[in-house]
Structure formats: structure tokens, C-alpha cells
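Handing you this structure, nothing more for now.
Order of writing sets the labels: A, B and C. Residues in every chain begin at 1.
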Amino acid sequence: MNEMMDILGSAGLWAAVLRIATPLIFGTLGALLCERAGVLNLGIEGIMTFGAMAGWLAVYQGCDLWTGLLVAAICGGIFGALHAGLTVTLGLSQHVSGLGVTLFAASLSYYLFRLMVPVAGTPPTVTPFAPVHIPVLSDLPFLGAALFNQTAPTWLAIGLAIALAWVLFRTPLGLAIRMTGENPQAADAQGLNPTALRYGAVIAGSALMAVGGAFLTLSAFNSFFPTMVQGRGWICIALVVFASWRPGRALLGALLFAFFDAFQLRLQTVLTGDLPYQIFLMIPYILSIVALAVMARRARVPQALMKPYRRGERI
Amino acid sequence: MRLEPRDHLPPWLALATPLIAVAAALALAGGLIALAGAPVLRAYGLIVTEAFGSRLAATETLTRAIPLILTGLAAAVAFRARLWNIGAEGQLYLGAVAAVTVSSLLIPDWPPIVQIPVLLVAGAAAGMVLLLLPLWLRLRFQVDEVVTTLLLNFVAVLFVSMLIDTVLKDPMAFGWPQSLPISDNGMLPRLVARSRLHVGLVIAVALALVVWFVQARTTFGLQSRAAGLSPGGAVFAGVPLGRTLVLVAMISGGLAGLAGAVEVMGVKGYVTTDLSPGYGYSGIVVAMLAGLNPLGVVAAALFTAMMYVGADGMSRAMGIPTYIADVTVALSLLSMLVALFFTRYRIRR
Amino acid sequence: MTPILEIEHVSKSFGTTRANDDISLTLAQGEIIALLGENGAGKTTLMSILSGHYTPDSGIIRVAGAVLPPGRPRMAIRAGIGMVYQHFSLAPNLTVLENVMTGTESLWSPRSNTAAGRAKLLALSRKFGLAVDPDARLGDLSVGEQQRVEILKALYNDVRILVLDEPTAVLTNIEAEHLFATLKGMARQGLSLIFISHKLPEVMATADRILVLRGGRLVAERRAAETSRAELAELMVGRAVTRPVRDAATPGAVVLELTDVTLREAGVNRLKSVGLHLREGEVLGIIGVSGNGQKPLAALLGGTARRSGGEVRLFGQPIGNLTVTDAIAAGIGRIPEDRNHEGVVGEMAIWENVVLERIGDYSRHGFVDRQAGMADAERIMAEFDVRGGGAARPIRLLSGGNVQKLILGRNLSRRPRILIAAQPARGLDEGAVAAVHERILAARRAGTAVLLISEDLDEVMALSDRIQAIVGGRLSPPVAAEGADARRLGLMMAGDWMEAEDAS
């Protein structure tokens, strides 16, 4: 019991929560934006992988870190356009198209990575983002180390959650996106272009996913290796349901989830030998499934999610 | 210019669709090969010779096709009933570890004639269990099974890794993380001497025939198709939706579990956490290339196996990254999706 | 004075069908015109061209003298053309205000001006007497209220021309009368209205001029004061069509009896203490606006829903909850309300759709007897005049009327003792309606007990021996068809009998 309290009292835990949450926040917001417009984007896992690779590679080739994030975002947007082409223009199954995008983006990122970076004993590294020092706040005892010792993309992620909430619920554009996800026919009748709105949302959402992936290689770690995304994309998809398609709750969900993850990581070192470490590693995935089961029926799903829209064809 | 639904699909087009898709995927992959600075046409040639150019290569390709046929069938059966089982990878691992557990810990001395069927059943049962859980969540809580089956893949592999570290740890492996071996009585006989090709190929092809027959000719096949195409129409016609989906899940999960059991009983003899290079996910590609037709699955699995074995050999010979095989397989899925669109619609001016 | 709207020589083809063929019409300010026509006459196409969702092959449209650019929905809205669709273009998860404001502001504005929007909505709602709560979630509103929102949405865009597509399809008679009073008020305030309908009485009562469309062409134009229902009906169909009417008959024994039946679903009472009895050789009509419990009633008797209380007697015996297989085995034939999503599986072959609900009869040791299925399907297609190719083709290729004839055929060819027919003629053209009605009456003559669930007054009055109204999950006491007229049934559909019941 004392060990648990020690973990909860350590500044390292709370710093880790924000760090672990960051890619999930980006990914969840991206998936949420796509789904609000009516498109399930299972390309997320592959897009995050590609973002991780592309961002890292750009920096490795000499770009600065922010340019790296931008490169990742652009690549994500391209894969988003691919997914939108398959699901919006052609109206194909969003499930299968998304998986296809994931398989393609992930394998392509491994291929390009190997092509550009020859095999070496130790993987090459870049200098990642350094924590931002905030005057006064970062110097506070405990709180400074626990909360105010993060890299810039973490603050960007939190800011984005607020910005996305504003866009979706306070602007005409957000209303148009939500209407497209609820009833594209109605959006069309009001002179909006559901196809363009869906393309825009999927491209922007995919760019966010890729930035989440790039955070892994440019801030959390400093190198790229295959399978490093480790199902984070799928967890984001679960978090969107958990958050009932609301950005604020998505932020909270990601933080809550990251808390459990950070906690189990520390618990592992304390309880070493008592339980196989794999049990701890399973926790995030099982938590996601539990969250889905609890929330799935209560959540107000966008009514046109996964329904293709083509003008003149009634759905 | 506008799109118009096709009334019916000429048979030649149905057959040509996957071929066109594969050709498009190979052309796109050619661009990536060229990017690596390798001569594209020679690379294509090498893929074929590396996959089928020698007796060893051909048997290796066929060996690779075995788990792909089984996971492809698993996906085809499920997708036809609109059950999105993306968890074949996890089901495969559980099937493999079930076969190893039963063989090494429970019945190592049983004769092959009894032991082999028991192990196959154990593997299939393990796969079923792992798919019935997400199905239950869908029927009970309306949870989309895509995400749950995906997440369970990670849980399953971690579970296998845990077993390998503990109760199934092989003391003779010098600390390598691998499981106890399957007893010799539980190994599948070789089909061709001095190769890895085993009886699993016969099992897989036979199962493809059985699944095709069940889908095309039985009342269950008709009902599960109706359930997939229109749940509302199926319920109105008295199709027991829940029971049909449970049966579909058992067949699909069972086939994926069987893929794991057959792989471990036919090739390796023990389980590691890299037993499968993504057979579960490739099964989805195989099923889609086959147009969800069980007989087409055999052909599509052969193509995919050829890509893996052939492109692997080619990339080694030409010094380009071996991931080209995965890229090509993923591209053929995407091309197939686009091609499928044009089997349903035609462009009219 | 320039007319507010001029449509000149508009044509539009899809493939080989000419949906609109050289149509011209004008609309004056403050005028109400009606577009009358059957399904497939080209009404919806013309409307979609007007709203900018289709581009015409030729012809132009002028609004107040200015040419409207074709195929540009935003321009049509800006020119003052507003649409009220039959299937509402609304999102149930959003609020009334959100539904109304969608697409009305510049997309790139950093903030929605909801205060101004709310004020404008409330002002409009006062001006035209359309009361709504701007913050209500749309899905919580009744169908009539949703239609008000749909109309307000058009008014919010400063319409000059309001087009309404079958606006009364979802309303009770009383709600419909309110609506027409509102529409006439709007016309007096200077709005011009086009409404699309196939119901003759309301067209005659409301419109100044009536334009009749048939086969994509404008075939006639009449002033409402100078025409008759008979003339309009003939113009619309192109020939004199008479729907069959039942002849007198003596019903037999009671085959189905419901006493005090309730049905709860997702925490809501869909059926409340429902009682009815049904005899051999009679048609019992259940009239009501859709959404008042028709679906659960049909589902209960067809074997796809379970009751939560009450008694059901089938052929005199009390029974538990039926499954679909039980119901069919007991001789209950079923025509579902939604033929495309329930009645058939569109991607499956015609013969498969024939055998699916009787799979047991076509099963030999678990294998489907394809030959028998094909033979039966072909027999039914011949007998019931189902056109559209062989039994092995996918059923989605058949027209609505032919699908309905197949559904009728697969039930009636088995001589059911009871037929549950839910909205059997909905959305069919006049010829198909007559055919479906004739089949139902033939079944009645053969001794089948028919439960006809419908929202079409004419249909219910023509076919039924007795009539009950369904309102809010409750059934009125039956009245004999002889004593029923449109006015009486309208009052029943509005639930006037409930007060009498509550008082006693």
C-alpha cells in the first residue's frame, strides 16, 4: 500500500502521464474530427506510424523539429486524402479501407525508413524536443516537476483539444461538420458540400494523427523502430467512443488512460517478480475494451457514421 | 459523367478484377523498387523465380500459403456475415499455444492418429473463444467488434508471451523466449520429403472446399448471407440473428485458431512471439482479393505467399528493404477495393 | 408584373428515361400552385433541378426575372428558393436552432452568432404562428413539430418561393388542416408556394392552380375552381382507373383475438392495453398516422416482437409469444411496412427471397433445395405478374410494385389463414395499388382474415369491413365501415375516443 502512495506522490508519475497522453490526445482528436464528419478512420494506426517515421526522418535529414512535425502532418494529410477517396468518393467500406490504409502506411514507412537509413548496430537518433521552461510555474516545488516540465507539443495537444471543441461547437464550420456526420442530406439541402466537408475533416484529422505519431519519435523517444506505435491508434479509436465524440472529454479520457498506463509502468518495477510483466502491459488494451463496453450504448453516435453519401442516392 | 450501378457482373470481369488489382499493385510497387535504384523488370522476374524457381522455393511458398488460406477463410466467412473479425492474428496465437499446451503438458504420449486431431480441435477451440468475447460485447453492449478484436490481438500476444515465460517455458532453450516443443507424436507429417511442406496444405484446401460448400448449398449458408446483407430483412424472415452470428464467429475464430495450431504443428514445433509475420492481417487481404469466395481464397493465398517468399528473396538479391513484400500486399488490397467499386458501378457519360 | 418563378423548357434524362421532358411553368407572387402526379411522374426530379441538386440537360429557370445558375444549391437558396422535403432533412441529435442555422453563415467566421439566429427564428415563428423551442433536441420533437422546424428552416433563409414535397404524408387530418391554414396565411403575406402531392382533396382545397405531371411531361393545367377530382384523377393516371371495392360478405369465426396487450420496448410503452378481434373473411383496418404503434403491432403478430402483458388467442387457443417460424407455420402471412429493408434482402436472388422465410420447407438435411425454390419462385412470379427477369436475378433490380407483388405472392400462394398487411400500397403507382388491393380482396373472399394497417384513408375505407384507429399505442373501439367517413376517421385518428374512454 505504501508503495502505491509513493508512486502517486512522485513527480515523475505525473510528468509521465502528460507525456504518455500527448500522442493519444493528438490521435483521439484526429479520429474524433473524422468521425464527427461521418468517417471512421481505421487508417490511424498506420498513419501514426508513418508520421513517426516521416517526422523523424525529416529531422534526421537536417530539418528543425517543428518542420519535422509539419512534414508528418502533411504526410498524414496525404493518407487522409487516400482514405477519403476510398470512403467518400467511392463509398467503400470504411472498415476495410481503413485497414488497407493502415497496412499500406505502416509497411511503406518501414520500407522507406530502411531505404533511407541503412541497418546499424545502434539505431540512429536525433535530438528531441526539450522541456519548455515556464517562468515561476516550472520552478514550483513538486508541481513544477510534475506538471510544468513538458515539451512544447504536449502544450500544443492540450491547446488543440480546446481549439477543436471551439471549432466544433461554436463556429459555423463546426456545425457544418457535425451536420455532415449526422445527416449529409440535410447539409446538402442547406447548400453545404458534404463531400468537401468530409474530405477536409478526414485530411485534417489524419494530419493530427500523424503529428501524434511524430511526437513518439521527436519528443518521447529519439529514434524510429518498426511496430513502435503498439496499438495506440486502436486505443484512440476506443477513446473517441469513450469521449462520446467530445474533444474536452477526449482530453480527459486520454489523460485518465495515460494515468493508468504510467501507474502500471511504475507498479511493474515495484512488484517485480510477483506478477509477470505481461499482465501490466495488457492493462491498457483491456481498459480500452472495458471503456468501450461501458460507454458504447450511452454514447450519442453521429447518425451518419460509416454511411456513404452520394447525391441523389437516398440512404 | 456519372456513376451508374451495374445490373449484373459479367463472369469474365469478376475473374479479371483481382488480376487487374494485382497488376496495379505490382506496377505501383515497381515505382518503389525503382526508388531504391533497382531494375524493376528484373525484380519482377526475381519475385517469380524466388517463389517458384526451384523445388525448395515452391515448397516454401506452398508452406507459407497454408496459414494464409486458413486466416483468409476466417476473414471471408466473417466478412460475408458482416462480422468484422480483425482479430485473426490473436486467434492464431491462441490456437498455436493451445496446441502446444495440450501436446506438451497433457497428452505427449498419445499416438499421432489421436493426438493430431485433438490438437487441431484444441487450437480451433481457443480461436473460437477469443472471437466469441467481442461478439458477446457486440450483441450485449453494441460495441463495434473491429476495435475490440484489434485490441485483443495485443492482449493475446502478451498472454502467449507470458505463458512462454512461465508454465510453458522451455528449459532447454538456453533462455531464448520459446515454448516447450510439441511432442513428436503431435507433429504433422511432411507432404514432400526434404522440405517444410506438411499435411496442413491438404487440411487447408479441404477446409476451403467445405466452407465453400456450406456457404453455397446449406440453409446456414443462406441464412448467414442474409444476416450479413440485411439484418432487418433477415430478422423479418425469421433468421435467428444472434445464433447465426455465434456460429459464424465459431467458424471464423476456429479457422484462425486452426491456422496457429497447423503452423506450429507443421513447421516450428514450438511457439515464439514472432510465430506469425502478420498472417492474421494478411488474411484480410487474401479474403478481399478472393472476393470473399472460399475457393478464391486458395488462389489469393498462393499469390500472397508468392509475394512474401518471392519478394523476400528478390529484395535480398537486389539489396532493397524486404518490407517491399508487405507494401505490395497492402497495395493489392487497396487496388482490389477500387476494382471492386468498378464491379458495382460503371461510368456513363 | 414579372412572375416570381419561370421554368422554361426544362428537360432532364437519366440513361434512357426522360424524367423531365420540356417542362414550362410560371408562379406569381402570393400564389399557391400544386404539382400533381404519381410516383415517377417527374415531380422529385423537377424539384431537385429547382433546388440546384440536379443540373437540367436543357432549359432555364428565372427567379424574379433573373436566370438561376443551374446545379448550384447555394445559389438557389440565395435566390430565395426553399425546400421542405417529405423525408425531413434534419439531424435528430442536434438542436432546433442548430438545424435551422446550418449553412446560413460564412463557414470561415470564427464564431456563430447564435443570439442573432435565435432572435430571427423566434421572430419568424411568431410571424407565421409556428411555435418551437429553439433549444429542444430535434429527435425529442413530434413529427408535426419537426415539420414546423423544416418549414422554419426554409423561412430562415428568406425564401420567396417555398416548395413542399408531400407535406401531409406524415400528418393527421387535423394537423394537415392547420398546415394548410398556415400555408394560405403565408401566401397572403406575399410568399409563393409550390406543393407536390398526389392527394386530390387537399390539392383542390389549397392550390390556386393545379399542374398535372405524367411520365415526365406537363400534361395539363387547371384552375382549382374549374376542375373536378374525377378529371384530375384521370389526367394523373392517363386513363380512368378504378380501385376495387369490397363487396358485402358475412365473416366467419374469430381467428385472432388480442386482449389488453401491452408491449414495452427500450423503456417506452409502444402498445398500451390493445384489444382487437379478427374474423375469417373480413378485413379489419387499423388507421393511424405512422409512428403510433403500427410497427410493434405488426411485429408482435408477425413473430419479431414479444409482448410484455395481455392475452393473445389464435384460433381460440391462448398462445405465448410467436416466433417468425411459428407464425408462418400457423398460417400467418406477413407484408412488412418497409419492403426494402425488411421484406426482401436486395442483394439476394428473387428465389432466395422466396425461400428465406420458409427455409425449413426447402431444407433437405440442412441443404437448400434450390430446384424447388426456383420452381416455386417462377410459379409465383407468373401467377402474381411479377415482371423483371428470371428468378435467379437479384431482387434489387425489380421495381417497388413488382417487389410488393412478389411479397404478396410468397404469402398468398400458401393460402394463409391470417394476413398481416402493413402499408401494403405505400409508394406504389396507381396501377400497382389497384393490383395489390384486388389481391387482398381476393384473399378475403377466400376466407383469409386480413389485418390491414394503413395510413391511407381511401385505402382503409375501400377495403375494410371494420376500422379501428391507432393513436399513441392505443386502439380505438372498432366502427363499421358503413358508418365511417373521412371526418369521423379523422377525429378517431386524432384520438377523440380517448376522452370518452377516460371519462367512463
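Quick note on the criterion: a residue touches a chain if its C-beta (ideal position, glycine included) is under 8 Å from a C-beta of that chain, and two chains touch if they have at least 3 such contacts.
Note that the structure is predicted; figures quoted are calculated from it, not measured.
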item	value
Chain pair with more C-beta contacts, A-C versus A-B	A-B
Per Cα centroids, the chain farthest from subunit B	C
Inter-chain centre distance, subunit B versus subunit C - centres from mean C-alpha coordinates, in Å	47
Separation of mean Cα positions, subunit B and subunit A [Å, integer]	28
Averaged-CA centre spacing for the pair subunit C and subunit A, given as whole angstrom	45
Interfacial residue positions of subunit C with respect to subunit B in the complex	15, 302-304, 323-325, 328, 334, 336, 338, 341-348, 352, 355-357, 359, 362-363, 366-368, 370, 393-394, 397
Subunit B contact footprint on subunit A (complex, rising order)	42, 82, 86, 90-93, 95-97, 99-101, 103-104, 106-108, 110-111, 114-115, 230-231, 234-235, 237-238, 241, 276, 278-279, 281-282, 285-286, 288-289, 292-293, 296-297, 310
Subunit C-touching residues of subunit B, taken from the complex the two chains share	4, 7-8, 217-223, 225-226, 229-230, 232-239, 348
Complex contacts: residues of subunit C adjacent to subunit A	48, 51, 53-54, 73-74, 76-77, 83, 85, 87-94, 98-99, 101-112, 153
Subunit B residues touching subunit A - in the complex, by the definition given at the top	3, 32, 35-36, 79, 84, 86, 137, 141-144, 146-148, 150-155, 158-159, 161-162, 165-166, 281, 284-285, 288, 320-324, 326-327, 329-331, 333-334, 337-338, 340-341
